[in-house]
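Look for chain A in each of the two complexes below; its partner is chain B in the first and chain C in the second.
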Partner chain A sequence: MSDTAATLTQDRQKLEMAALAAPAVVFTVAMIAFPVVYTIWLGFQTFSSAGKQSFAGLANYSKLISDAEFWHGLWVTIALYVLSLTLQLVFGIWLALVLFHAKRLPGIVRSLFISPFMMPPVVAGMMWLVILDPSLGAANYILQWLGLPPSDWLASPSLVIPTVALIDSWQWTPYVALIVLGGLQSLPPSVYEAAQIDGASPFKTFQRITLPLLLPTIVTAAILRSVDLLRFFDIIYITTQGGPGNASNTLNIYGFRVGFEFFNIGYASALMLTLTAIVFGAVLAFNRLRGAVAW
Partner chain B sequence: MKARTLATQVALPVIAIAVMTAPSRAADFDWMKFKGKTVTFLANNNPVSQALLTYKADFEKLTGMALKVDSYQEQQMRQRLVTVMNADSDEVDVFMTLPSREGEQFAAAGWYGDLTAMAKNEVAKDYDPNGLSQALLKAATFGGKLTSMPMNIEGPIFYYRTDIFKKCGLEAPKTIKDVEAAAEKIKTCDSTVTPFVSRGLKPAVAYTFSNMLHNIGGSYIANGKSNLCSAKGKEALDTYSRLLRDFGPPGVVNYSFQQISALYRSGRAAMAFESSNELRTVMEGGARLKDTGLLPFPAGDAGQVPTTIGWGMAVSSHSKQPDAAWYFVQWATSPEIQKKMALQGIAPPRPAVAEDPEYRKWIDEEPVRKEWQAALDVLATKGSSEVGYPIVANPQSREFIGQAVQDLILKQKPVDQACADADKALDALISLN
Partner chain C sequence: MNDAANTDRWIRWLNTLQLVLAGVLIMAPTVWMVLSSFKPSFEVTAYPPTLIFSPTLDNYVELTKTTPFLSYALNSLIVTVGSTALGLLFGIPAAFAVSWTRISWPAILTLAARMAPGTLFLLPWYVMFRQVGMIGSYTALILSHAVITLPIVIWVLLPSFDGIPRSVFEAAQVDGCSVTRILWRIALPLVASGVAVSAILAFVFSWNYFLFALVLSNGDTKTLIAAAFNFIGEGSTQWGALMAAATLIALPPLVLAALVQRWLVSGLTLGAVKG
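Now for the complex of A and B:
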């Protein structure tokens, strides 16, 4: 076969492969692009309470700036994010270390440790709603049995954010632990042997070797949790619906209510696109950090 | 505004109902007319639809149609409906609706099919559209169009523990002041129970608060403006929030029907102001069967103006087969089916069914059922369907009512500020109407 013929055959094969792959590629791109483009378009529309639609230009975005509920929602979202992420990273690393060193721990105990994140968040929310009920729940019963005063938990404007952060951390700390455990198992044993020969204490070993080597893994876990935490919805919707008052009204909850309860789909789209931009920003920042700590 | 209100809320409903009284073509009616078609029903998975769908096979046998049920919890059902209707989709033929909540909004958006002509021309001999509660039909009529047919009648009623009242030397309360006095007495007489419980969750407050406001003599709107800061409005806000703050359970700001029923059923509340629909849940296990009394909410300065609402069945304006959909609506709201549902504890929106001997026998089996029906009779005759502001943005108005009540329960604002803030936000909503 001549070179020209071979090239033609190769080109034809490439075309055939492209043709075969095209439907899947077009479908996937359309499935991703359509909702995004549609939401961007909706963000430029305004809907009356009766659902009547008209073009609004940038009005929805300028309304964000003067909307006190938006700024409050942003504050709640960031407060929950920072608190939950801190708790989940600290306890996730701790749990991973426990599971890594307790090699004789039976499999069933290990499974139990990591089981909460396999539970649907709605089920977790319902379960904690019952446990934390100030009148009928087990949490206050235990506090009083220990001689401590009962708490209003989710019904207190000042406690609702820490309480929701605790519920989310109960569910997702094991997930962080699982990622970190994977990182721990991949660390080179040689550096630990060298540290042992040099007489490094367990704390110094953790501080100077384990933690720096684990940083890329920890940042990966932080990225994955950031995406979820900034979109915090299900547990709040089940437990408080943004209350008491608007004390736990995250941007996602606020956007949902504006869209699906008050029918202002245009403003809700603007809210959700702003939230998406915040999530992208956080992911980009963490990606840069991951690049900086890679080894 | 006044002329428009008169036209839409009084004159046109009367015309619509009058049209239904005209002679129908019942003789030509054939249940098998749409044999082979499939009707899709978007249902709220509540006791009303659960009772109805027990007889799904009967409908399919009677009509030869298939019934596809798409069932969700209440909020998720609305979420699905908003998505379907905004997309102008014909995926849903029939959906459940609360006219008191979303009626104005859905009607203004054009989501309801007009049932007026079908209720006149396409009815079976025994359907009797005039036998349905006229108050509920009126509440479902917007701009002269009948938008849904009532499935049940319900409203908040007053549950109280007769044994605790007896122990504390109390009589059944006749007025709101009696309720406050009873709560005060029970607090000292039996410290193991919560004296009073009702809704504190922000979006849920309007359902029970409206009854308190109307009994006291207040109104949501006066002269086109929000009226919460009127003397009666402030009294209602203060009384409702004080009852919950001083005599309610801890964490009451997160309480809706689930928590209230659970607390009362477990014997840890002496008085509960909650939906008549919750009777079955409250009586589960039988612990409260013999020690519960039921009343319409006690009177205020304006007497008893109970909140009376009902779920309705509407035909989607985007349905490609509204006639077949109407057959399902008609079957579901027929005297025969409503009697069967009533025997499962769903209060019938037809006075004739409430008088049916078989239903009366079921009612007479337990004293608590008798009191429940007596309370519902008061709801049916004296009730108001106004839950929150009678404006298109009714669901959003409920948020601001709930916010004012929560601000007071949590002592975050004095009553003057809470009502002023609510009025300001609500005036903005009213102006959009």
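Now for the complex of A and C:
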């Protein structure tokens, strides 16, 4: 009898748990899962200029393959991604090591270090737009002062990707640094002591001990940054809107403009689904890598 | 012996130097933005740029006079507070249920939604909200921004709920408490600081979010972030007002983040790193 009572409370508990999780699940299905299915359906539709909609099969996807702007967008996305991620990981690890050896950091210093990535990317874009202005900006003044030639920065088709990567790296390198710092602080001190007794140089200790032990944390930081970098939008939309010409037209910017400036919803859906597949592909690949370097 | 102490001092000095260098690189652009916002208009675009000037509030006055800055700010506040409240309302019980049952797919579902590019949802939302005449409504903006806040609340709270010893709940169960009662009366007070951190992070990321308001708002409901785009359109002669706008938009998230900076790291990595 007490057995049935126990099952009864267990059943009741399961029901209560389901009721607690239900609002979040229903909300997510309504706002995300259903719209995504709708997007997949939209990707097979074509809309005439009169607004008439008809089934197009794979037409939007075959258009993708022959669309030079899509391949250009893919190239811009990947170039910006690789450049930004490299900058942020290299300088993030450097900054983490510097912060780690500083030992005690007052709260105010920490607040200043996190300030770039706590402010809206849109604001970062606004401030750098002024600093990097080719004729009146402070950046060119500093270059001149150092005896270097001035640069067109965001206005130069060949420099716009590195410049945007620089702005994003200014904003997110401290974030990578804080993650790596967390990893450094959780490493067992015993390994350093052993290395010290063996007389290993600081550089050797870093290369042979610290870096391998840090790899899982670094991969975590890479995953978190990849998700943002592959769908790069805010800073570009504020500063160049994909320009000059189409030099910084990432896939996300291109898809947005196809959808909301040219109102080609069907083709924009196909573009966005492709970009989503790329983002999730990158996350899955990094997740495998994290499994491989775990200790 | 003396040699080693010397090397040690050398290394510490070198480290401090690098720390200062990093600090200058990180802070200089923000300082420049704030300084420019207080410059008289003729000095904002002066070349060579000036560091010493007599500060003025002219840019801020002009900003509020020539643009509906305050009503944009109110829109931002309504959307951000609304979506943060919705995120907490749905996220707290969900995080508790996931932590208790160890059935994690609801949490993963919300996280997957956070990882996809926003434009992916924005296309169908635009079509659907237009059909029901909700483009430009606060409701559409709050619902869309709750997609940002919900996973933040769930993933920041999960480790907090996980940290409560099971025995606490079991004792309450023996006393005949229902699960819902345990959540509100026992678990929630124990994770109060986690709730505060998740609320602040949700607020910050909802406030900072650009894309959804760009399409789903109209002239009356435009948020500050979406309106920032218009401030730039007004031409480079308005640099002072532009920097004043940028400073004011950045202020709320920066102040809030400074309040909880100690707990931010584990929250920001969605629990991937214990801060």
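Going forward, the second predicted complex is superposed on the first by the 257 of 295 C-alpha atoms of A that agree within 3 Å, B and C clash if a C-alpha of one lies under 4 Å from a C-alpha of the other, contacts with A are read in each partner's own complex, and residues count from 1 in each chain.
As a working rule, a residue touches a chain if its C-beta (ideal position, glycine included) is under 8 Å from a C-beta of that chain, and two chains touch if they have at least 3 such contacts.
Note that the structure is predicted; figures quoted are calculated from it, not measured.
Partners chain B and chain C clash in the overlay (superposition on chain A).
Contacts of A:Ile265 after superposition on the shared chain: both chain B and chain C are touched.
Comparing chain B with chain C, more residues of chain A are touched by C. Once chain A of one complex is fitted onto chain A of the other, the partner contacts of A:Val279 are limited to chain C, with no touch recorded for chain B. When both complexes are overlaid on chain A, the residue A:Tyr175 reaches chain C alone and has no touch with chain B.
In the overlay built on the shared chain, the residue A:Phe27 is in contact with chain C alone; chain B does not reach it.
In the superposition on chain A, A:Phe70 makes contact with neither chain B nor chain C.
Of the two partner chains, chain B and chain C are each touched by A:Leu136.
Touch criterion not met for A:Tyr81: it reaches neither chain B nor chain C. In this superposition on chain A, the options for chain B are 25-33, 79-87, 187-195 or 367-375, and chain C clashes with just 79-87. Once both structures are placed on chain A, chain A residues 133, 135-136, 259-260, 265 are touched by chain B and, in the other complex, by chain C. Put simply, chain C touches chain A in their complex at residues 11-12, 15-16, 18-19, 22-23, 25-27, 29-30, 32-33, 36, 45, 47-49, 89-91, 93-94, 96-98, 100-101, 106, 109-110, 112-113, 115-128, 143-144, 146-147, 150, 154, 173, 178-180, 183, 204, 207-208, 210-211, 214-215, 225, 228-229, 231-232, 236, 239, 242-243, 245-246, 249-250, 253-254, 257-258, 261-262, 264-266, 268-270, 272-275. Those residues of chain B that touch chain A in the complex are listed here as 75, 78-79, 82, 85-86, 105, 108-111, 194, 201-203, 249-254, 259, 262-263, 266, 268, 391-393, 395-396, 399, 403, 406-407, 410, 412, 429, 432-433.
Residues 48-52, 133-136, 150, 152-157, 239-246, 257, 259-263, 265 of chain A touch chain B in their complex. Chain A contributes residues 9, 12-13, 16-21, 23-25, 27-29, 31-33, 35-36, 38-39, 42, 94-95, 98-99, 101-102, 107, 109-116, 118-124, 126-131, 133, 135-136, 138, 141, 170, 174-175, 178-179, 181-183, 186, 202, 217, 220, 224, 227, 230-231, 233-234, 237-238, 252, 255-256, 259-260, 265, 268-269, 272-273, 275-276, 279-280, 283 to its touches with chain C in the complex.
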